[in-house]
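This is the structure, below, for whatever I ask next.
So that you can tell them apart, the chains are marked A, B, C and D in the order they are listed, and the count of residues begins at 1 in each.
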Amino acid sequence: MAVAIKTQNLAPVKLIRNVPKEEYYVPGHRTCAGCGPALQYKLVAKAAGPNTIFLGPTGCMYVANASYLCTPYTVPWMHTQITNGGAVASGIEAAYKVLLRKGKREGEFPNIIVMAGDGGSVDIGLQAMSAMMYRGHDALFICYDNEAYTNTGIQTSPTTPYGSNTTFTPPGPAIPEGKTTFPKDPPQLVIGGHPAVKYVATASVAYPVDLINKVRKALNVVGPTFLHIHSPCPKGWKFDASKTIEVARLAIETGMWNMYEWESGEYRYQFRPKKYKPVREYLKLQGRFTHLSDAHIAKLQAFVDAKVKGPGIPVQAPVPTPPAVH
Amino acid sequence: MFIIPKDKEVPLGCVTPAPVGEQPMMITGNWREYRPVLEPEKCDLCMNCVVFCPDACFQLNEAEDMVVLNEKYCKGCNICITECATNALTEAYELDFDDGVVRLEKPF
Amino acid sequence: MPKEMMLSGCAASAQAAKMAQVEVICSYPIRPYTAIMMELAKMVANGELDAEFVHGEGEHAQLSVVLGAAAAGARALTGSSGVGVTYAFETYSPIAGGRIPLQMMIADRALDPPGDFGSEHTDAMSCRDQGWLMGWAENPQEAFDNCLINYRVGEDHRVLLPQFVCQDGYFVSHMPGKVVLPEQSQVDEFLPPYNLPHPLDPKRPVSHGPQIRPDQGTIMDLQRAQAMLDAPAVIREVIDDYNRIFGRNYSPFVEEYMTDDAEMAFFIMGAHTMTARHAVRHLRSQGVKIGLVKLRFVRPWPTQDVAEALSKFKAVGVVETSTSYGGAARGGNLLHEVRSSLYELPQRPLTTSFMAGLGGEMVPLKDFYYMADILSKAIKAGKTNKTVYWVGFEAED
Amino acid sequence: MSLPNGNRFGIRFESIGGLGAHAAGQVLASAAVLKMGLNGAHFSSYGSEKKGSLVRSYVRLLPAEQPIRTSAPVETPDAIVVFHAALLKNPATFAGLPRDGTFIYNAPPRSIPEELAALPGTARIIRVDALGIAVKEKSRPNAVLLGTLCGAFPFLDAEKVLEALSEGFAGKRPEAVASNESAFRRGAAEFEILKGVGRAEGDLPAARAEPAWGYETQPIGGIVPNAGNTVWNDVSAARTGSLPVFNRQNCIHCALCDLVCPDLCLVWEDGEKGGRFERELTGVDYRYCKGCMRCVETCPASAMTKKAETPGLAERLRVPLFPDLVE
């Protein structure tokens, strides 16, 4: 009887030079010039290889990529509602388990990857994502985080940083900082309550080799895994398209983005700067923060200082949440 | 029965074949205003441009041991120029090139 | 040898799913359909059914899981009741539009507010326009049969549509009745293996559901409409096959009972048909010329069959167990579709709708006698006073 | 196999959740249909699955050629089987019994509850100690009562009903088959027909719960305007044979019982002027007590003791919690 368990072992990559040449996410997609999420999609597809099924909950990586009956995915891909990426992946995984067991399909268990945005992962898609993790399906859930609902013209999402200017959080005399709330922490949400999960990591387009290796490590794990990939969005964050990688690097150097792996309870850090640059260095490149006063920046700095102590350490918003207005 | 114009046909259940190599139905080369130009002698094949390009437009041509730009799709974001380790790439205004094309077709 | 058993509608539906050898099941509890999943869980645990039993985290997730499973190439089953059916509403068009022929078993339940376990057809009826096949069973045997029939029709490449296989909560789902379980060889002869034209398989990569231009939108809808237009012929073919293989005598769309020389008839579907049959028998014994027409499919709506069946009566009482607040006739939905089926006829019977059995109430015999009385008065007067009667709550006629 | 009165035979099981009335109905119906060549239907009406709530299970038997005509509850049953003596206090238990009907109830051979006087004088009243037999045979009351039913109605083929009962357990708990069989056989033999108990004349009227709210009076949107109106409910039927009795002499008014009581049954009043206690416990309102015995387990001063509930005891000892609201 065919055993429906994954046995593949995708080898890690050493240098940018050794990054494999084959492309499974090919040119010819309608994403903006300099798109962070598109870059991470290319790297993930390259890392995963041909035996892969992608799922695209609604978001830029669905609408901008799969448009007008043409798609850039050379491997099977299916659109899902932004609510149910995790659930559809669970169904596909369950199907392959029984189909392989019954001999209706043969060969290696496919890589099943949900390519969801921040909304599709921890806002409207949280329930399905969490259930996929809890049930232990052998699939990888990727949250490519461009920190807003960008496909609909840049609205705030739960991972949008405090103080961001989005079309749902426009700064004005009544609400000077624009976004008043502090963001959710997706990897901690997964680590914090899903015993079946063995590997969670954060990654960034700034370090493609690290990203590829983390994708491969996740895909080699038999069971549910989660990657939180920082993918700057020139249009949404309002910076010049050529600076996508620079912005991503600065996020790490200022502590706005932290690079780590969690494996069965153990944390390991990557690219942790000896001395963190002030948050202001990161903010000044981006049009979404130009309205912030020094006081606002101080609050953001306080939040980042608490965060960089280490993942898994609870971080409070440095300001009391505004009272609900009756 | 219904008459469906040829160009408007939609496959069963909106299932479309996967592309091979590139997606010719979505040419994006006409978006750019600047084109990255390579000075081969400065290039040490560090592959930054190949890896960091969101549209996979720089590819290594094994035979000539050189990176080649896929001009049909390059959107001119210039990330490659920013990330090139040896400043072998510079931007050049698209219309200066005789085959330079800026936004002539309506990109949907 | 086929085996005779006393099974509730839920238990019968689970047996049918087992004999259809479903491969991925997604469960979530909600009264009264839950028992279907409890039975299937035991079958999987006892090794009687080789399937993956996924515990969904909600009804929206149930439909999403089986969508993924069916798109990957496995025969998939889920089910729900009441507000569970309406909670999953977002997925119904993507599944039907994506031409993924999975099956959802619905044991009806009234929608909130307030909470009511009782059965009402409103939960499924309010989801009837997305391109799913849909029909009601009158008893556990028919619930068993409808499961196999709908899989065969839905998976036929001329149709390729998902199916709502409905049964009234309690009156069918929880009332044990005699059910004949066929041989597995009969089912295998009737139902070929599941085979989707473009499954998600890395060896044959395709993309499902990319964005389209507005001008391609109509054609996408046209495709689904065409499937519904082609479905009736396939249903007739499949019902003949089913009757031959399993020894039933279902008529594909409408079944008539004591209608020859009848002046008036009840038009009804689901569990209360059983009580209506007895009411008709009793009324006939008292010389009332009344018959009964039972509907088996709400989608595709059998317009010709309904027109032919009802054209011979002077008055038709459409028994509704679902609501459509503010609808044209201010009652349920069946009357709208019956009237539009009759519209082209040179000679149309009088029609009105009787709201009965709402909230899960029993429809006692005396209510059917009341309806028959309204119809005979209408025939004498040559018109109906109202387009809807809320049976048991009308002041006087 | 012919039915006593030719065309139909209806049975109603009156029970409390957890005593197996639903299962008994299922066993009887499948035996009748699959093994005795009759046509039959069974269903139970119960609220959500809570132990201790009321359960009514209906079985309708018809000649083979006559199809089932309705899924209505059996309102005028030929036989009523009462699984628990507490239900005798509820008049609806007797509703619809015809003058020549049979009334079987489960109780130990002691005094005959005076409620039974409400039964027709000509009805056959049968008492069987189903609980006692079930405990001795390590079985359950439904097996015993099925036996009594077959004993009382020879047209029910006892061997076929027993076969159906055993099939239910064969797979799961084979050891239960033997104990069920002995309980079934004792039920069929050890019942007694009580004479001169019923005083009513003719058939008892069927009781159909009239809706309290009508089209005019139901508040809009299903709102309950008077919050907490469940104080009018009497849940005492949920007790299964014992209740906590309060002994004021031992009570130290520590209120531990009140802390653990899930159903708000304890009644307090101000302590005497200058006395040791601000508030003193005065008793239990048995209208709301389900007999969970938490108060007995937690009382440090043994002021609450578990006593067997004999008819009328709860009414005598009851201290009303809302005297102005509930009589």
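Everything that follows uses one rule, which is that a residue touches a chain if its C-beta (ideal position, glycine included) is under 8 Å from a C-beta of that chain, and two chains touch if they have at least 3 such contacts.
Note that the structure is predicted; figures quoted are calculated from it, not measured.
When you average the Cα atoms of each chain and compare centres, the chain farthest from subunit C turns out to be B.
The distance from the centre of subunit A to the centre of subunit C, each centre being the mean of the chain's C-alpha atoms, comes to 43 Å.
Mean C-alpha positions place subunit A and subunit B at a centre distance of 25 Å. Note on chain placement: the centre of subunit C and the centre of subunit D lie 38 Å apart, centres being C-alpha means.
Distance between chain centres (mean CA atoms), subunit A to subunit D: 59 Å. Within subunit A, residues 67-71, 73-77 each touch two or more of the remaining chains. For subunit C, residues touching at least two other chains, in rising order: 205-210, 212-213, 216.
Not a single residue position of subunit D touches two or more of the other chains. Chains touching one another form the pairs A-B, A-C, B-C, C-D. Note for the complex: subunit B touches subunit C at residues 2, 4, 8-10, 12-18, 108. Those residues of subunit C whose C-beta lies close enough to touch subunit B in the complex are 97-100, 160, 197-198, 205-210, 212-213, 215-216, 219-220, 222-223, 226.
Those residues of subunit A whose C-beta lies close enough to touch subunit B in the complex are 16-17, 19, 21, 23, 25-36, 38-39, 42-43, 67-77, 205, 208, 234, 241-246.
Put simply, subunit A touches subunit C in their complex at residues 50-53, 55, 62-63, 66-71, 73-81, 83-84, 87-92, 94-99, 101-102, 104-105, 107, 110, 127-128, 130-131, 134-135.
Residues of subunit C that touch subunit D in their complex: 4-6, 31, 113-114, 117, 170-171, 174-178, 271, 274-275, 277-278, 362, 364-365, 393.
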